[in-house]
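What follows is chain A paired twice: with chain B in the first complex and chain C in the second.
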Partner chain A sequence: MKRRLRDAPAAVLMLGASLTLLGVWTIYPLIRAIQTGHLSCDQTGRKCTEKGWGQYLDVFQSKQFQDALMVSVKLAVMTVPIGLLLGIGLAVLADKHLRGIGFFRTVFSSTVATSVAVASLVWFVLLQPEIGVLSDLFSDWIPALKNPGLLRDPDTALPAVALSSIWASLGFTFIVITAGLQSVPKELYESAYVDGAGSFRRFTNVTLPMLSPSILFISVVLTTRALQTYGEVALLTGGGPEPEKSTTTIPYLIYGRNSIISGNIGLKSAAAVLLFLISLVFALVQFRGFEKRVHYGN
Partner chain B sequence: MRARTPRSLFLLVAVSLVAACSGGGDITDSGDDATTASQGPVETVAPGETAPAATTTTIALDLLPDCPTDALAAASGTTEITFWHSMSAALGEEVVKLTDAYNASQDKVKVKLVQGSYEETADNYFLASQGDRPDLVQLPEYQVQAMIDTASTVPVGKCIEASGFDTSQFLPSGLNAYTTQGVQWSMPFNISNPVLFYNKKVFAAAGLDPDVPPQSLDDMRQFSQQIVDTGAASYGVALESGFDSGGGWYVEQWFAKAQEFYVDGDNGRTSRATKVLYNNGTGVDVLTYLQALLSDGLAVNLGDNTQTGFDNLLKLADDKEPAAMTIATSASLGQVLDVLAGGQFPQLSPGDVGVGPMPGPDGLPGALIGGASLWPVDSGDDVRTAATWDFITYLVGAQQQSQWAAATGYIPVRTDATEVEPYLTTLATDPRFSVAYEQLAASPDALTSSGPVVGPLREIRSVLATAVAAIFDGADVQATLDAAAEQANGLISDYNARNT
Partner chain C sequence: MILLGPSGCGKSTLLRMVAGLEDPTSGDVFIGDRRVNDVEPKLRDIAMVFQSYALYPHMTVAENIEFPLKVRGVAKAERAAAALKAADVLGLTDYMKRKPGQLSGGQRQRVALARAIVRDPAVFLMDEPLSNLDAKLRGDTRAELVDLHRRLDSTFIYVTHDQVEAMTMGSRVAVLNAGQLEQVGTPQDVYDHPASTFVAQFIGTPPMNLLQPGQLGSSDVRVGVRPEHLLIAAAGELEGTVRQVEHLGHEVLLLTESPAGRLTARVAPHADLPIVGETVRFDVAPHHLHRFDAVTGVRVP
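What follows is the complex of A and B.
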């Protein structure tokens, strides 16, 4: 205990920089947002009246928030498992010592250097019904590409956004899983091989358990990203198609160009804090749910 | 690390999702004492008639900040002012050019530019403290009431009065758009309005005169029928329901053309608006007409138009299922001709594009302005206020407006800008650029020609756009408009409660 106290100044000094940054840019704004969420303010955010903490519940239960939550959750269900499977698949494929494999690794990881805006524009150029590349090439076989177009059909708009999202985060998944694969000790494969395990058994009984920390990490990050999707929606669909608002995620409900709460910082803050809590619950559920199956080495 | 069972967390999620199903109210009704929409009977105001005198108020100019325009002459040295503008890409470059020219033309004032989108500029402006605000800000027409309510600006009317500035050459509809309760709040800078774009080749193939666009909504339907019947194009009209176009702004235009008010308080011009009027007979007629165009196969619905903002224009150039006509902002004309000149769409050349006035009920002329205006900010510093006014007078000078209009496709804010180069040549060589100007100049001199002023106009447009999309999909017109009006009225009373 004494020793700890003696170390305190050094600890504070070393933590100081990151504590300050975290405090100024994350913790203080979060506290302000939580506080603002129970207020009703004028558009300048200065004249405020208390609306009670029940405002959080009202926002949560409102039709608009529920619809947006549904969209965000659907987006997570579409993007996380597929993104994980594709990322693991590509990483396992590229984890071979073959000539020229470096080229494929670069290609597979390239989307990590692609911002959401660029990725969305790429998919927009592919999907736009009048001038899009896909509709130009394939609309004779798949008329829906042209009329009404994947981004304009309320049933396909969200999957199309998900597609862009999966593609954009694939590079990140690939890199993390590749790093995970390379830290699996080769002796484990050798002893499994000696024990007579085939390549599939080696994958399920060695690779997957050893990858489980990476998979959990990716799963939490991808879920959080999916719940917070904004850029793809802003650039591909604008929250539409209307009137269903099929792609209005919670962030787009809060901050989108056509947000009906755009001038009301109290409701915007409440919705943002709720999104934080929902992301937190999803992350905790994944940590708790998969805890027993995650293998951290020792 | 086996602290707690995960079940409690799963339970929490399950409970919150179940709780979710029990709510379903409107998000804007959240919190205690949620203000509810006023449920009074909808008043309709006959064309030309003004609201009862009791509700008419005039704001006393004495209570508003002064505009000491002569302070600049007395000042020594260079005064630096900041201008937040909202013009991007080619339009933004033109603002930079004008500003550079102004800075080079004299040494009393130096203008620093900060650029954002309309939404960014507005959000930043509203939430900044007065000290962090710029000296001049450019904001769109739907922010008029919101800007007035910040009580942070110097009314342009006071500057005009103090300096004896001559506004006789200005388009009245431009100035009126930024006037409420007798106060000229801001200075129009970039003006646009919706016009009809059509394919002359399709008109000719359908046996229509390619130089005679439809004037009324009835014309537009007849033309569409002929175009579809002859197979000249797949559709007559490309419709869309974007909130700042077909789903919102155009509906306001149709109300102006019918000389009807869109919100009460004489469009919020004589007193603060408390409710929308768009679910009245005019609104129902216009949307029933559009719905029938779609259900009869004469029009195609392109959705929210948010992806490019130009989906409807692209539909004119579509090689498989083109439409012959669409309504779009006049500000896009220059860009449309540029893109077509690039040769990407062999089936449509720049010369094939016809431009006509926006068709309206009964073919009455007129239009509301869109675009943005310049708001001098009350810095409390006389010299800076005077410097800001000096810069404003430069930006709206005849020569500068001529240059601005020729380069961008916006309508000049004053008539004498059409008589000087380079805009003189633009109009002479391509009469399509004059359609929007003439349409605006033909607007009747009435309050209905000034457009709605109401705090949450952006949100109201968004709510109506959702309703218009539902109507395009076949929903009952009256019931859908009534529901949207109720939601919009809730937004207005909530806004008024928070901001007054």
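What follows is the complex of A and C.
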């Protein structure tokens, strides 16, 4: 105990820089957002009235929030499993010791260096009904590509956003899974091979369990990212197409130019705090759900 | 069979070729009467114990031991019974529910062994299985492996760079150097009649004394003599100046310089030992002399 007290000033000094950063950019804004969530303000943002905790419930129960929540969850359901499967698949393929595989590793991981804005722009052009390459190539099979265009059809707009999002996250998934694969001791595969395990069994009995910490990590990160999707929506669809608002995610409801609550900082804060809680619940559920099946090795 | 040699001599590669983890560039691998070059490892009737044990960290001890049987589609109850039997042989029955991470190095090593014996293979392949254990445990496990070998009565191919393991455990020892087979024989035979200067110096601690060509014989042979065969004798043929006296308790090593090269003698600890700087003369019984070709190093009669 004495020793701890003696070390305290040094500890505070060493933690100071991180604590300051965390305080100024995370903890203080979070507290302010929770406070602001109680208020209801007019368009100017100057006149605000105190609405109390009840406002959180009102926002949560509103149709706009529920619709946006649905969109965000759908987006997560579309992007997380496909993103994970593609990332694992490419990483396993690229883990082979073949000539020139380094080139493909670079290609597969390249999207990590691509910002959401650039990725969205690329997909916006690709999917553009009049001049887009994809609509020229595949419109015979998928007529919606030309008319009205995937991003303009209320049924296909969200999957199109998901496509862009999956592509943009693939590099990150690929890198993390590749790192996970490279940390698996070679003898485990050799031992399984000598014991008679075929390539499928080696994958399910050695590769997947050894990758489980990486997979859980990626899954939580991708889910959180999906729930926070804003840039793709703002650049590709503007939350539309109207009037269905079929791509208005919660972050777009909060920040979006066309959002119905765009002028009300109180409601926006309340929605943001709710999004934080929802993301937390999703992350906790995943940790709890996979805890038993994740093996952190020796 | 022990494959013995210094690091990089090819002993592990040889073992891996028997296992089917490496393809030989030329030559045939036979297990029994069967040529297995093109046979998959799982059909070779072998089990391998790796230096790192290669236990699956996410499986319990029981699951690890059962794994080779599970892969072969053995029924669950049968599998569990076989695993229990193998675990019993190695004293692991109390740890069946644990994960490898909760075991000591020696226990992990036993799990790896149990996973091998549960297969009841024709050949056990072991790649330096004791090198990750501390000295005390290594000695104990060495004795257990010898005992296991006797009980199972099947072929063990055991890779090591430790000559003590080779001498104490092997029915036969194959000494390898730089990819070449130097000698195969019983440990005693290899010690008593080393086929080359390499074997002569690799086996035995301290190693055999090799005299400069021209000593104790014609000029085209090198003569070797084991330290224990150098006898202090006033009329001896070899003369050396004592540089160091090492007292090991049960014996004493005399390190001497002589015109014939360095000579190490192993003598009994008695009162009138020579001291550093003193000149001693050694005699050697003719039948204790080893002769090697001065150029090729190969033993000559």
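Some notes on this structure:
In this section, the second predicted complex is superposed on the first by the 290 of 298 C-alpha atoms of A that agree within 3 Å, B and C clash if a C-alpha of one lies under 4 Å from a C-alpha of the other, contacts with A are read in each partner's own complex, and residues count from 1 in each chain.
Here is the rule we use: contacts are C-beta pairs under 8 Å (C-beta built on N, C-alpha and C of every residue); 3 or more make two chains touch, one makes a residue touch a chain.
Values in this document were obtained by computation on a predicted structure and should not be read as measured data.
Superimposing the complexes on chain A yields a three-chain arrangement in which chain B and chain C fit side by side.
Once the two complexes are laid over each other on the shared chain, residue contacts for A:L236 go to chain B alone; chain C is not touched.
In the superposition on chain A, A:G54 makes contact with chain B only, while chain C stays out of contact range. The superposition-derived angle at chain A (between chain B and chain C) is 160°, Cα centres, a multiple of 10. In the superposed pair of complexes, A:K245 makes contact with chain B only, with no contact to chain C. By the document's definition of touching, of the two partners only chain B reaches A:V285; chain C does not. In the superposition on chain A, contact of A:K74 is made with neither chain B nor chain C.
Using the contact criterion defined above for the overlaid structures, shared-chain residue A:S191 touches chain C, although it does not reach chain B.
When the two complexes are laid on top of each other via chain A, the two nearest Cα atoms from chain B and chain C are 15 angstrom apart. In the superposition on chain A, no residue of chain A contacts both chain B and chain C. The part of chain A that touches chain C in the complex is made up of residues 185, 187-188, 190-197, 201, 205-206, 209-210, 212, 295, 297-298. Of all residues in chain C, only 19-21, 41-42, 46-48, 50-52, 54, 56-58, 67-68, 71-72, 100-101, 115, 119 touch chain A in the complex they form. Note for the complex: chain B touches chain A at residues 1-2, 4-6, 9-10, 12-13, 16, 19-34, 119, 123, 126-127, 146, 149-150, 241, 243, 247, 302-304, 306-308, 311, 314-315, 317-318, 320-321, 455-456, 458-459, 461-463, 465-470, 473, 475, 487, 491, 494-495, 497-499. Looking at the complex, you find that chain A touches chain B at residues 38, 40-45, 47, 50-52, 54-55, 58-66, 69, 124, 128-131, 139, 146-148, 151-152, 235-243, 245, 253, 257-267, 270-271, 281-282, 284-285, 288-289, 291-292.
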